[in-house]
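Structure provided below as structure tokens; questions to follow.
Order of writing sets the labels: A, B, C, D, E and F. Residues in every chain begin at 1.
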Amino acid sequence: MIYVTRREVFAASHRLYNPKLSEAENFEIYDKCSSPNGHGHNFTLEVMVAGEIDKKTGYLIDLKELKNIIRKYIIDKVDHKHLNFDVEFLRGIIPTAENLAIAFWDQLKDKITNGKLYSVKIYETENNYTEYRGE
Amino acid sequence: MIYVTRREVFAASHRLYNPKLSEAENFEIYDKCSSPNGHGHNFTLEVMVAGEIDKKTGYLIDLKELKNIIRKYIIDKVDHKHLNFDVEFLRGIIPTAENLAIAFWDQLKDKITNGKLYSVKIYETENNYTEYRGE
Amino acid sequence: MIYVTRREVFAASHRLYNPKLSEAENFEIYDKCSSPNGHGHNFTLEVMVAGEIDKKTGYLIDLKELKNIIRKYIIDKVDHKHLNFDVEFLRGIIPTAENLAIAFWDQLKDKITNGKLYSVKIYETENNYTEYRGE
Amino acid sequence: MIYVTRREVFAASHRLYNPKLSEAENFEIYDKCSSPNGHGHNFTLEVMVAGEIDKKTGYLIDLKELKNIIRKYIIDKVDHKHLNFDVEFLRGIIPTAENLAIAFWDQLKDKITNGKLYSVKIYETENNYTEYRGE
Amino acid sequence: MIYVTRREVFAASHRLYNPKLSEAENFEIYDKCSSPNGHGHNFTLEVMVAGEIDKKTGYLIDLKELKNIIRKYIIDKVDHKHLNFDVEFLRGIIPTAENLAIAFWDQLKDKITNGKLYSVKIYETENNYTEYRGE
Amino acid sequence: MIYVTRREVFAASHRLYNPKLSEAENFEIYDKCSSPNGHGHNFTLEVMVAGEIDKKTGYLIDLKELKNIIRKYIIDKVDHKHLNFDVEFLRGIIPTAENLAIAFWDQLKDKITNGKLYSVKIYETENNYTEYRGE
């Protein structure tokens, strides 16, 4: 068993906001992260795949293939976008790092066929990251 | 002469958009950076001050003082904000990194009295930065 | 199950020294890390919490809350201090990264109530880190 | 149980190439990574050891000892070398990051006697890393 | 006057070797950097451009344009290559970081027309970099 | 003219304290940086040399030579030491980053004979650095 990880970066806006709650409640929970016009990050995404090495190639998964999957199903849809408004697969989700990690996992899990998706990690800043392993 | 630099980070949204141009012209110039709902970055700001060391303290400028100036006049106004809408001193400015560097310089230049402001550097991503030295 | 991590940095001195051993034995074991007047690091601390997402907020734990817990129970007590002399909860402990990780775990484990403490990681330098998971 | 990690960096060349396949097949699989004269990286190696703390020293393993083992059995043999030609213990292995991680594990696993080898991680670039845990 | 910098990374092999000298003299000068089969790095290239902001766009130079110039005239020619053998514009040059910086400057200086090329910086490792400013 | 930079890291303690002032005045000026038992950092030192390339070698200065000079005259004297007590060439100096940069410059300026010393930069943390250029 071997683990292979690919890092990608995307620049996006989001606003932490639960539409079922009042503005005041949102501000109480999310503080400046609920600023009405949104704010943004250079989000760093790390996708880890686990599996067996292919004897012929010495690869678990070709990193170009992994990169292309991540770009097609995630980066092209979220980069330079507002995560509350512009992304079909995030509709109805409060875009916390926790919820993003799960949503990205769901986007990727059936697309990776050389090895299995093992972990999705999202850095919102250099001081915070969130990881989901499908557990 | 000695140079002292302080780094601060802020998370903000912006949209590159010149209101004097059409949507099509904006998209032609700015491409995905002109995405209508905006996008965001963890902007890194480096402020460099130049001057003489104070013999008594061994400081050019106390870094707590420099940090407080940067936070009061820049970070508190731009962090977790949308730079096109929420920041008084950026009204009427297309928020490119170039224009931000000059606007931040103008905010800071009279506030720093221990030494003189020497450079304002803004990293939009790990791959791009812009510097202004008041020249 | 989701994992959320917060990074904090503190600047401290320490001396690796076992008072039950002679100076010569200490120097034999710890070499320059036992230099009598101590030495220091920018220690980086990563605290990882594991648990379920709160549907209402989309958070496992509010990062402001996690930051405040780490700062109150760790950073405020160790930052700009000498770990052998100045920290109540480190009395009698040889301040290796291993022992610090366990001592920090013990400080934090009952304070975190949204999710459970999963890991405490300490970087002494960019080349070394130690992790404790309460196992 | 505690985990201690040491990072080392080495600069080496490699060419991804399976000698059982034609040049065309190699190029189809490995693309530019199969460029005939090779290419190179600053490979970053992280070696993690797991075990119990020694009460007398407060160490799981002395980092100088861990560093010396890694340098003797890995770094001195691969640094400033071409991994396809110059390294005895890599003969007959396609030097993908996956195969390197396993080969490095095999080099180290019996040499570490304070604690047990837990993980070997190799960063080929800032965007890719591979981990092997002996599973 | 404003300064805009773009960072790019490439993976390449090189061997430090002066063909006018004997193997022994080369080894005396370059030590392990003259290892016959070459070694490699993830070279980091920073290209800085200086000039005036275009009022209409708020740009000194569109970073996409700068990226495309760097990729076309440098990265596409050196990435995943051996710098001693595979690169037309490096023929006859000992590929030290110093010589690479000057050769890259010569490649770029006439291609950048929005602003003027101000600096080419090359990081060979995290511990060394070389800069050329056309002086 | 070319510029070559070498980075080195050292771990040291210091206390910001002017012995001509009272404890209260020291605390007023330096706050927690004047904590009596000292605190520490992983100081990062960058030494930049400027000069002409040697045609025979393609080097301005051999980085091994530059590394050896920095280690002999700086790192071996300050690493794992307390800067207020253990370092001959820092006697009588308040060890602020500003004063360290100048003291290091004075240590190095006559030792570098291939090219001329151009800049000494000291990072105390990832958020602060000081530079001295002999001006």
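Just so it is clear, a contact is a pair of C-beta atoms (placed from the backbone, for glycine too) under 8 Å apart; a residue touches a chain by one contact, two chains touch by 3 or more.
Quick caveat: nothing in here was measured; it's all calculated off a predicted structure.
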Suppose you hop from subunit A to any chain it touches, then on again the same way; how many hops at least until you reach subunit E? 2
Between B-E and C-F, the pair with more C-beta contacts: C-F
Determine the centre-to-centre distance between subunit A and subunit B, using the mean Cα coordinates as centres, and give it in whole Å. 28
Suppose each chain is reduced to the average of its Cα coordinates; what separation in Å results between subunit C and subunit E? 41
Hey, what residues on subunit F touch two or more of the other chains? 126
Show me, using the given definition of touch, all chain pairs that touch one another. A-B, A-C, A-D, B-E, B-F, C-D, C-F, D-E, E-F
Contact footprint of subunit C on subunit F as seen in their complex: 9, 11-14, 32-33, 35, 37-42, 79-82, 85-86, 124-126
Note: in the complex, subunit D contacts subunit A through residues 16, 18, 21, 29-31, 93-99, 101-102, 126-133, 135
In their shared complex, at which residues does subunit D touch subunit C? 1-8, 53, 56-60, 62-64
